[in-house]
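In structure tokens below, several structures.
Okay, so subunit A shows up in both of these, paired with subunit B first and subunit C after.
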Partner chain A sequence: MRDAPAPAVPSLPRGGTDWADRAVTAAVWSVALLFTGVFLWIVGDLVRHGLPHLSWGFLTDAPMDAGRAGGIAPILVSTFLIVGVCLAVSLPLGVGTAVFLAEFSRGESLPARLVRGSLDVLAGVPSIVFGLFGNALFSLYLGMGFSILSGGLTLACMVLPILIRSTEEGLRAVPDDYRKAAAALGLSRTATLWRILLPAATPGLVVGLVLGIGRALSETAALLFTSGYVARMPGSLLDSGRSLTVHIYDLAMNVPGGEANAYATAVVLVTLLLVINMLTFQIADRWLHRRITRT
Partner chain B sequence: MSRRHSPTRGAHPGTDRPAGCEDRQPVMEVQDLSVRYGNAPALRDVTLTIPRGCITAVVGPSGCGKSTFLTCLNRLSDLVPDCRVTGSVRFEDRDILNGDTDLVALRRRVGMIFQKPNPFPLSIRKNLTFPLRHHGSPSGKALEEKVEQILCQVGLWDEVKDRLDAPALELSGGQQQRLCLARALVLEPRVLLLDEPCSALDPITGGVVEDLILSLRGQYTVVVVTHNLAQARRIADEVAVFWVRHGVGTLIEDGPVGQIFDAPRSERTAEYVRGIRG
Partner chain C sequence: MRRRAVTLSNLPALMGLAFAAACSPGTEGAGSGDGTLEGRITITGSSTVAPLMGEVARRFEAEHPGVRVDVQTGGTSRGIADVRRRVAQIGMISRGLRPEEEDLDAVAVALDGITLIVHRDNHVATLSHDQVVDIFTGRVRRWDTVGGREAEITVVSKADGRATLELFLDHFGLRRDEIHPSLVIGDNQHGIRSVAGDPAAIAYVSIGTAAFESSQGRAIRMLPLDGVEPTLAAVQSGEFPASRPLNLVTFGDRSPPVQAFLSFAASERVQDLVEAQYFVPAPR
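Here is the complex of A and B:
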């Protein structure tokens, strides 16, 4: 632009903050690069140390020699069960609460303010505190002991605030036009909610779900106290089960010579997270599409 | 736009329009209707009779309570927190402002179209079948026929027949508004409330929707809120002029379109329709 011929009309005065603009641009770019770099470093480190120890057998065998040898089959199963229990409880409760907050308490009622306040506090509570609470309530008071059930329920408590908040935001982002249109057609509130509002809020729900699953999969502290660290194949939800994160912690901290398998397990965990994220978005996309077109 | 002046279009009411409005039978009788939002009065003492089969245009400057008035006629005002409606609206032998009114039945009989087209984020077909099914209407072949018939009625069938399962939000604004009209008509209402149905559309598509509204005359009772005086003059049989008095909306004059535009009783109306005020 600088070489362009001088315009006939007086040009706009040049801003005097050119250097500041450039500095900010440079800063923004370096922050972005820094974060990408850190992410790549972590993944690269994991892959470099973990990949050589990965094999099909690692996924299908039971651990041996305190995890130094063998695989992680029972640990994978326990992890899935714990996350499954967590979602089975938190999803209906979370969506229900979000519906209450977004659709049935528009006027900032006292119950809504109480629920929202509690959620904000809960979202900030350290996971070890959730662990202590889960241990006291589920393991001891309710007699579930160290079990997959206790662990899953404790995780559900942790995941709920995230799930509720993002589903609520999703519902609030649905234009009021739909509510008005539905009411003007004499559609019941339930039908409107079920057929129009919730599907329209699905993107928010999916984000909450992905964040929630991420938090559940990566939780360690809360599970140490609740689902325990027995590395056997669980026979039921009342058996103790070791999650992938607890396994990594144990191998890295308590088992001399366990680092290699700790890395391999970490690669499995990160891959699992990525796969679940992608699958969740894709399934939601497909479901939404079906919802739009199916008669 | 020359289409507007074709001989079949009614610039002069009562001469060349389809039958159905002549006997001026009241279908809705509004008595002393007042509306407050919290402590702020929005509408005061509106008394108006809506004749069966006619097109009643509600006109007036911004903020004079036209839309508020309209939402009282199907109790959509209930959706607004702190909205208090007093007075009475008689429709089919009952006061619909009563607490025991069956809102589902009321809104099925009194349909509504909004300023901004608001089809559901569903397919074109489902926009029509979802409300129908909810109200327990036929399924299978009968439903398909109904969808086709109603889309033909709003002139949308030829444009969408090959893509009924496409998302309705992919349609153009005018098509969306006609779909919304179809969605309201498919429930076979007696009264249709239209809240500035053409003002979010460009003049050409607005004209298409306007023609459509005119085609409903006789078959349905239509109450249309509009900013567009020329439109009111073109399509309305009856006109109600709202005004802001002491910060509150109120009805200042109503009557046949000829009276309002050619021989208004109120000085304000005269200035308003001549474009001097408002």
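Here is the complex of A and C:
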């Protein structure tokens, strides 16, 4: 069979295909180039305007004169805390829900359909709506006020759909043979999940995590109403803290002469995103490796 | 496994405890025995006033280490709503109080005026009161009608709820639905960018912001309003027709730290901060 000649390709209609092919190739290439061009333009613009104002002091000083002078140290700390709270809440919830959806419920059961339906709706809700919701629930009803905690929890609600969906996809991509083999070896369900399925689903989880962190770091609208505007070094999670994006928004839109520092802050934010993405993939690689060699 | 389940079930209770402990300092302020002030003040409202209040708050905290002042933003209407709901102790509003807001007490901290701006390359030297009204209501649609080049006018107006919009409507005796803008914007900076990028645009923005941006070489030009040149001095003397007070408002009784902050924010000790934010100190 392997040596048999390849089955005859049905003859394509000749004439006209040549230039059509070329046109499609040209179109695909120019779209790709256009996209790269836009990316380079954005990064180039950021670096050109922002880099001259960046210095070590910019990262370690508090903002002065409404952000026109000084640095962004308290804002960096607030941002890390907000994203930290968001992940601490959304990771366990997200992985738990994904495990429920992929491993503990049959595809079309009512609870699974319910959860999946709510996730799809949540994933499409604009962030400003999450902001209003977070403000009403966490800040006012639960009395957390404008705080890093309410900001982080609001972001967690926002990030959950992404996290759950990609972790679930990761779990579904694990071949059923693994589950059958584990069952044949008499492994408990927990052990199978913990030692085999979750490590094997790590790529999905990591993609969700990176997208989630990205969305959390770049969120502005939801945070204006929840974690607030205070640019002081936060003393606890119940203090209001300004995120990098809110700082950029305020400097660019509200403070005359704040543009230079807005650009510099944007450079920091973009660099942060890139570094976090790379670190997450690297850590996941190492973890996956260790996990599999040990088991 | 069992032990883990127990710890997890305790988590909410633990978080609650941590919460209560962290909340205990209290959000309302009070004077302690030796006359030093303690507490936390939350200020919300106008995004125009917020950067100024952030600076004032920092200086106030330096003088009163026991008081924390949190400045939030969201617009004048939000400031009023939050003060009434007692979510905030002080609201920032970038206009005067209206008759239906007499339940609030206001303290003026600075003045701001609105001015008309056009692109630097626009040669129209001045517009009369009626011409401005005609342009913003769409009766005049081309610059050549009012002595400019041949181009369609891009009318830039502010979004609903912005105090600058209300001040503009008030000054020109217009209603909100009479304005037919080509572009609706939010903040002053946004307005300045829109005009700097469009030689046929006209907008109204805060005078301090416009003065600063044009001194920085931004491609905009300020037009006189009813014949009065738009300068900060004209605003302070009261000669400039479209100016607005920037107020701090409170609802009901003021706690000692709030009272202290209000007097501080209206005093000469923050005059340099007011000027640094391109506002005009309120007459005292």
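By definition in this document, the second predicted complex is superposed on the first by the 277 of 295 C-alpha atoms of A that agree within 3 Å, B and C clash if a C-alpha of one lies under 4 Å from a C-alpha of the other, contacts with A are read in each partner's own complex, and residues count from 1 in each chain.
Here, contacts are C-beta pairs under 8 Å (C-beta built on N, C-alpha and C of every residue); 3 or more make two chains touch, one makes a residue touch a chain.
In this text the structure is predicted, and so the values were computed from the model without any measurement.
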Given the superposition on subunit A, are subunit B and subunit C in a clash or a fit?
fit
Identify the partner contact of A:V255: answer first if only subunit B is touched, second if only subunit C is, both if each is, neither if none is.
second
Now for A:D21: first (subunit B), second (subunit C), both, or neither, which partner does it touch?
neither
On the A-aligned overlay, A:D45 touches which partner chain: subunit B = first, subunit C = second, or both, or neither?
neither
After lining up the shared chain so the two structures overlap, which partner does A:L140 touch, if you call subunit B first and subunit C second: first, second, both or neither?
second
Using centres of C-alpha atoms, tell me the angle at subunit A that subunit B and subunit C span after the overlay, to the nearest 10°.
160
According to the stated criteria, A:V230 is in contact with first (subunit B), second (subunit C), both, or neither; which is it?
second
Please indicate which partner A:G186 is in contact with in the superposed arrangement: first for subunit B, second for subunit C, both, or neither.
first
Please provide the least distance in Å between a C-alpha atom of subunit B and a C-alpha atom of subunit C in the combined superposition.
14
Residue positions on subunit A within touch of subunit B in the complex are 106-107, 175, 177-188, 191, 195-196, 199-200, 291-295
Mind pulling up the subunit B residues that touch subunit A in the complex?
74, 76, 79, 81, 103-108, 111-112, 114, 116, 118-123, 125-126, 129-131, 134-135, 165, 167, 180, 183-184, 187
Where on subunit C does subunit A make contact in their complex?
1, 19, 22-23, 27, 42, 47-48, 50-52, 54-55, 58, 68, 70-74, 87, 186-190, 208-209, 212-213, 216, 276-278
Subunit C-touching residues of subunit A, taken from the complex the two chains share:
65-67, 140, 143, 145-146, 190, 224-225, 228-232, 236-240, 250, 252-257
